[in-house]
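To start, the structure under review is shown below, and the notes come after it.
The first chain written gets the first letter, and so on, giving A, B, C and D; residue counts start at 1 in each chain.
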Amino acid sequence: MRKVCVVITARPSYSRIRSALETLKARDDIELQVVAAASALLDRYGSVVTEIERDGFEIASKVYMVLEGEQPSTMAKTTGIGMIELATAFDNLQPDFVVTIADRHETLATAVAAAYMNIPLVHIQGGEITGSIDEKVRHAITKLSDYHLVSSEQARERVVRMGEAPETVIVTGCPSIDIAARILDAPALEFDPVHKYGGVGAKVDLSNGYLVALQHPVTTEHELARRHVHETLHAAADSGIPALWFWPTPDAGSDGTSRGIRAFRESHDPSNLHFFKNMAPEDFLRVLYHSSCLVGNSSAGIRECSFLGVPVVNIGGRQLGRDRGPNVLDVDHDRGAIADAIRKQIAHGRYSSDSLYGDGAAGPRIADAIGRIEPRIHKRLNY
Amino acid sequence: MRKVCVVITARPSYSRIRSALETLKARDDIELQVVAAASALLDRYGSVVTEIERDGFEIASKVYMVLEGEQPSTMAKTTGIGMIELATAFDNLQPDFVVTIADRHETLATAVAAAYMNIPLVHIQGGEITGSIDEKVRHAITKLSDYHLVSSEQARERVVRMGEAPETVIVTGCPSIDIAARILDAPALEFDPVHKYGGVGAKVDLSNGYLVALQHPVTTEHELARRHVHETLHAAADSGIPALWFWPTPDAGSDGTSRGIRAFRESHDPSNLHFFKNMAPEDFLRVLYHSSCLVGNSSAGIRECSFLGVPVVNIGGRQLGRDRGPNVLDVDHDRGAIADAIRKQIAHGRYSSDSLYGDGAAGPRIADAIGRIEPRIHKRLNY
Amino acid sequence: MRKVCVVITARPSYSRIRSALETLKARDDIELQVVAAASALLDRYGSVVTEIERDGFEIASKVYMVLEGEQPSTMAKTTGIGMIELATAFDNLQPDFVVTIADRHETLATAVAAAYMNIPLVHIQGGEITGSIDEKVRHAITKLSDYHLVSSEQARERVVRMGEAPETVIVTGCPSIDIAARILDAPALEFDPVHKYGGVGAKVDLSNGYLVALQHPVTTEHELARRHVHETLHAAADSGIPALWFWPTPDAGSDGTSRGIRAFRESHDPSNLHFFKNMAPEDFLRVLYHSSCLVGNSSAGIRECSFLGVPVVNIGGRQLGRDRGPNVLDVDHDRGAIADAIRKQIAHGRYSSDSLYGDGAAGPRIADAIGRIEPRIHKRLNY
Amino acid sequence: MRKVCVVITARPSYSRIRSALETLKARDDIELQVVAAASALLDRYGSVVTEIERDGFEIASKVYMVLEGEQPSTMAKTTGIGMIELATAFDNLQPDFVVTIADRHETLATAVAAAYMNIPLVHIQGGEITGSIDEKVRHAITKLSDYHLVSSEQARERVVRMGEAPETVIVTGCPSIDIAARILDAPALEFDPVHKYGGVGAKVDLSNGYLVALQHPVTTEHELARRHVHETLHAAADSGIPALWFWPTPDAGSDGTSRGIRAFRESHDPSNLHFFKNMAPEDFLRVLYHSSCLVGNSSAGIRECSFLGVPVVNIGGRQLGRDRGPNVLDVDHDRGAIADAIRKQIAHGRYSSDSLYGDGAAGPRIADAIGRIEPRIHKRLNY
């Protein structure tokens, strides 16, 4: 019985790995250990852990690690606390493999703890280009990992060029596309987002089209976060189109963004914006699928929306360098430019589906790979 | 005034960086901040911090971070504690650049803390091939670093192939060779090692040639550490040649090695082995220079000894894949094979000097590079 | 020059110590070192640190220590992180005395760090009776402290009975009364709370009397927190009297209380309740002074309100055992009982001022005591 | 089934609790959870955990928490790390009671973690007078504890005077006397200490009487530790009587003591001193029973030796204020005074047994009390 420990540290990582978790859980030869950690445990970020449990996964360990403060130093310290706490969790769970997802500091904490504890490490979503601190962290995790389950051929090529042995790099597609594929199969929006999720702000009528907005702070410019989000808020408010705005995930600077949103609400009381703290991933994608346009800097615009064909106005440098489909219009943090791009995208309407990031079967492929790979922890630069 | 913070976490990292520190300290345009951390602060490992101060460097901050236990989990936790504590130190010192050396877990703690605190990070000794966990950690640090001051052209090529921008990778040579170069200039051994450093074990007569032995545990096989060191101890004891044996630095498993040494001393009471806890780096190299052969798995055998022309019997996989000169004979953990190799190396005698790892001027080149580079923290995979 | 380090970890501790800080700062023979820590640094709790700086105090060190989660285990871990981080701060600041206030876990972290670092520790507000975990912590801090500056004769007697040497226990009065005394001197309410502090909820007219409500969770019953706060919310909403409701400070369970408040707002949309996150201490007291009644379980009801003569409905066990004046009516967590008590208190109107907790000159007395006491760290049970 | 978690953090605490553990383990209605923590896990201190397992107790959790450095700041940080790590252990084990022993910083970490996690806390050995930092810590733990199992009537009286409810304070006697009682029942020394435990130093003949020496550093004077131990070493060496010297346990300054011992050995090479790192508690007591005199500052001199009737030369202030029997001669850190006292005690010979600290049945009484007490965590100063 192969013990596979998947560490989930934030909403997006759960969203991306869920279809793989389902396949792993269904296998007889694998004991799935789900560790819920960091913001996945916190109310402020919508208590992802509750969703995980509701989806039928047992939590093997809860690892609190977020040091409040949203400063660069508290990000470093949060990473350190995570390492300390995850080492204990791994010691108790004794997994045969640890699985870590993407590029956040909690992901790095997972990777370092597993590496020093001599547990073979599987990284999902290596080889992608982002920017800012995530760029460094993602590739550092690649160097600490023993296996790489990547989203695309381009990602595979990059991981191999970084010196990883080709046989350890497997293209599975991005598991986030799996959920998107379910939406395409049955796209009806059967619930009222406000009725189901509450939220605050204006009452909005979604029947004639609506925007979805989601803007994360860009870590290394956290003083600018507030100004940045104001440009987007102005563009969204001024458009007059009903918009569903989603709160950002925690990071150094999320505070700037969050305060920016709060300040804007108080001073402008926008009549077309409704704000949500969180939403179940599938519901979010469904809402996204039916929207006229996604505005902001979420990676969902790059990944899921390319598959769903949803028009995207991508703002600023957060997704710079990521492979993208034709559905993405890039603009700067400027309300005028954002407003123009929204108009263009609405005029264009839905794009055709693009399988750049996967075809919807990543979950089973990931589970299959994890069930098959040899436990190994020694590696050497492949040059 | 450019504030440059160099973090020294262990004896070897001090030994390697000292000549660069001297040059940095002498410059008017640079404020040198020396942080002493981890085993560099501990008595058990010879209180390197005392040496640093004796050499005229002021300590800007002392960072205690070693969690006792010598388990894989305590290595992970030590890394986490280091991150927490170094973040505070960087917050207080506000350096313009952080410099980190080589591939240990404390080095990784330094790199992660600097990266998340948006401080440009300079890595010394990237691009080298080692093995075991160090292999992963070294290249992960490369991915977190903004500049790479490397030892050799081969190292440079590897770092660039990993996706680092060529203009950020500078060949300086390995600073450890700088100290070796001073030995070559004035090779006389003017002190009696036992008289100066004490130690325990047999009285040894060094006048007719002697061995130097230094064996570190190989992290991920820490149960084997004891057996491994016994093979070497038997070979050294059975050779009858006087030998100076140096205690290993701390690591998961050093305990196995250390206990192995203690058990061997008690049961065999070898009449030709004298044991030292530590030695000033220059004294160590001088003793090494005059030895007939270095036995063990120290990287000094690969680096400094290639330049000094000292014959080396390198045991096991710890240095696997590292570029090496003709002075190195590789053998397995087998007392017979080790004994044979010692005989061969003594028969061969001194090798000619090889500048594979540098020509003795790395320190000034490192200081020059650090004084010249632009502060930058954004980077992107260079593919 | 005597270096005195005052650690401020939460809004109430700043509120209570401010008048002493002013006197300490004005002295020539004392170097005041203000450390801002824990929730005093966090936006979620109103960024007390900003107020401290605005009041003219320089921050010597910022210590982030709150591990998010609001679980019993995260309270323990927060205390541990505080100890680690405060030890570093004390090492850097090298104070001659550390001053800690009241009974929270951050206060305990301060006390333990100072005790193990051999720094004489001054505790403010020892010897009082509270309840729940605070009861244990307050007296544990007494046993770790070298000097005790207490609020009342009763408190002094208790500290001495616990075995502290009488000469180390000094009655200064509670410094929180000092601010209250300024209000009595010039009671005019010159600002509109909603205009100055914003907040959310109903528009309220304060001209015909209003309630102030503030309810903290009771730590060891954190599942009940939500139910408890609902009783109070119902009583306040049903009274129809305009009420200013203040958000609780962070603790295990504050989440229960906070969620309770949020849920009530959404489901009941009360037309007479306005909610504030925080207020400058003096403004808060001024608003309190003009209110018809304070409802909840805040210690301000016990201390400041006895001096200000404000009627108080004190709910549940949080203040159980604390010395109280005639202005306090104690009731259980029951909406009917709370409503009755509110009616009674409004019928009674303002009480006469009681100096049970001090006469308004605690600050200078505290500063005087700190300037006078001998540095000592050895003590022995005085039986 | 009542789950009782006993945290063992050092050799002496195991020694003292062992007889209670045996009784607890034998009970059907109690599930014993032994947590091994701090120096109990470390090789440097004789791997107490191995002994615990050899004695038939299963280890429920291993908690590494010692931050190397032996500085005041590392003691504070070790306490903080302990709190973080023990909170996780308690979260996993979910005990109904936590049992903590004596007065060390790891004991305090245990107490704080249990208190904040709302687990009823049982303290063993409260109410005793020691001195230095331990004095503060012991009574602080009393204030955090819910039950107090004390050694003597005097201790009981002190705990009650500190404000604890009388019904929560139970005189059990000190469990360390239980082991001593077994020695008195069957006193034969059936093993050769050097043969069984090795150690280093002179070959000593124990047949004509011998000294036992054990000296701990006094925490808050850690620079003096080296000078202090030299006085004792000189007195012991100069006496010419064979002496068995035991290495101290870890603490800030143990380094001073340890270095002092090492330096003395190298410079004086004493011909009558043999040094041990550790010994099983029962073996140690047996060796002690047969000795002519115990020299140093160990609490064993105060407790076990009063029961065993062994003459004790107690040096310096470490045991100041502790209740003691007639077998103890107190002297200052002065080699002449120590030598005199040794002579007097040897001239006097064995004392009669004194039951000041218990009668040998503390273990069953402790187990009985723990099986009987009500789980409660609320308390209030009993004045």
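What we mean here is this: a contact is a pair of C-beta atoms (placed from the backbone, for glycine too) under 8 Å apart; a residue touches a chain by one contact, two chains touch by 3 or more.
Computed from a prediction, not measured in an experiment: that's the story for all the values here.
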{"item": "Shared interface partners, meaning chains that touch chain B and chain D", "value": "A, C"}
{"item": "Chain at maximum distance from chain D, centres defined as averaged CA atoms", "value": "A"}
{"item": "Rounded Å distance between chain A and chain B, as computed from the means of their C-alpha atoms", "value": "40"}
{"item": "Chain A and chain D, separation of their C-alpha mean positions in angstrom", "value": "53"}
{"item": "Of all residues in chain D, the ones touching two or more other chains", "value": "73, 77, 81, 84, 88"}
{"item": "Footprint of chain C on chain B - complex, ascending", "value": "84-85, 88, 92"}
{"item": "Residue ranges of chain D in contact with chain B within the complex", "value": "41-44, 64-71, 73-74, 77, 81, 198, 255, 259, 266"}
{"item": "Chain C contact footprint on chain D (complex, rising order)", "value": "72-73, 75-77, 79-84, 86-88, 90-91, 105, 108-109, 112-113, 115-118, 129, 131-133, 135-137, 139-144, 157-158, 161-163, 220, 252, 320-321, 377-381, 383"}
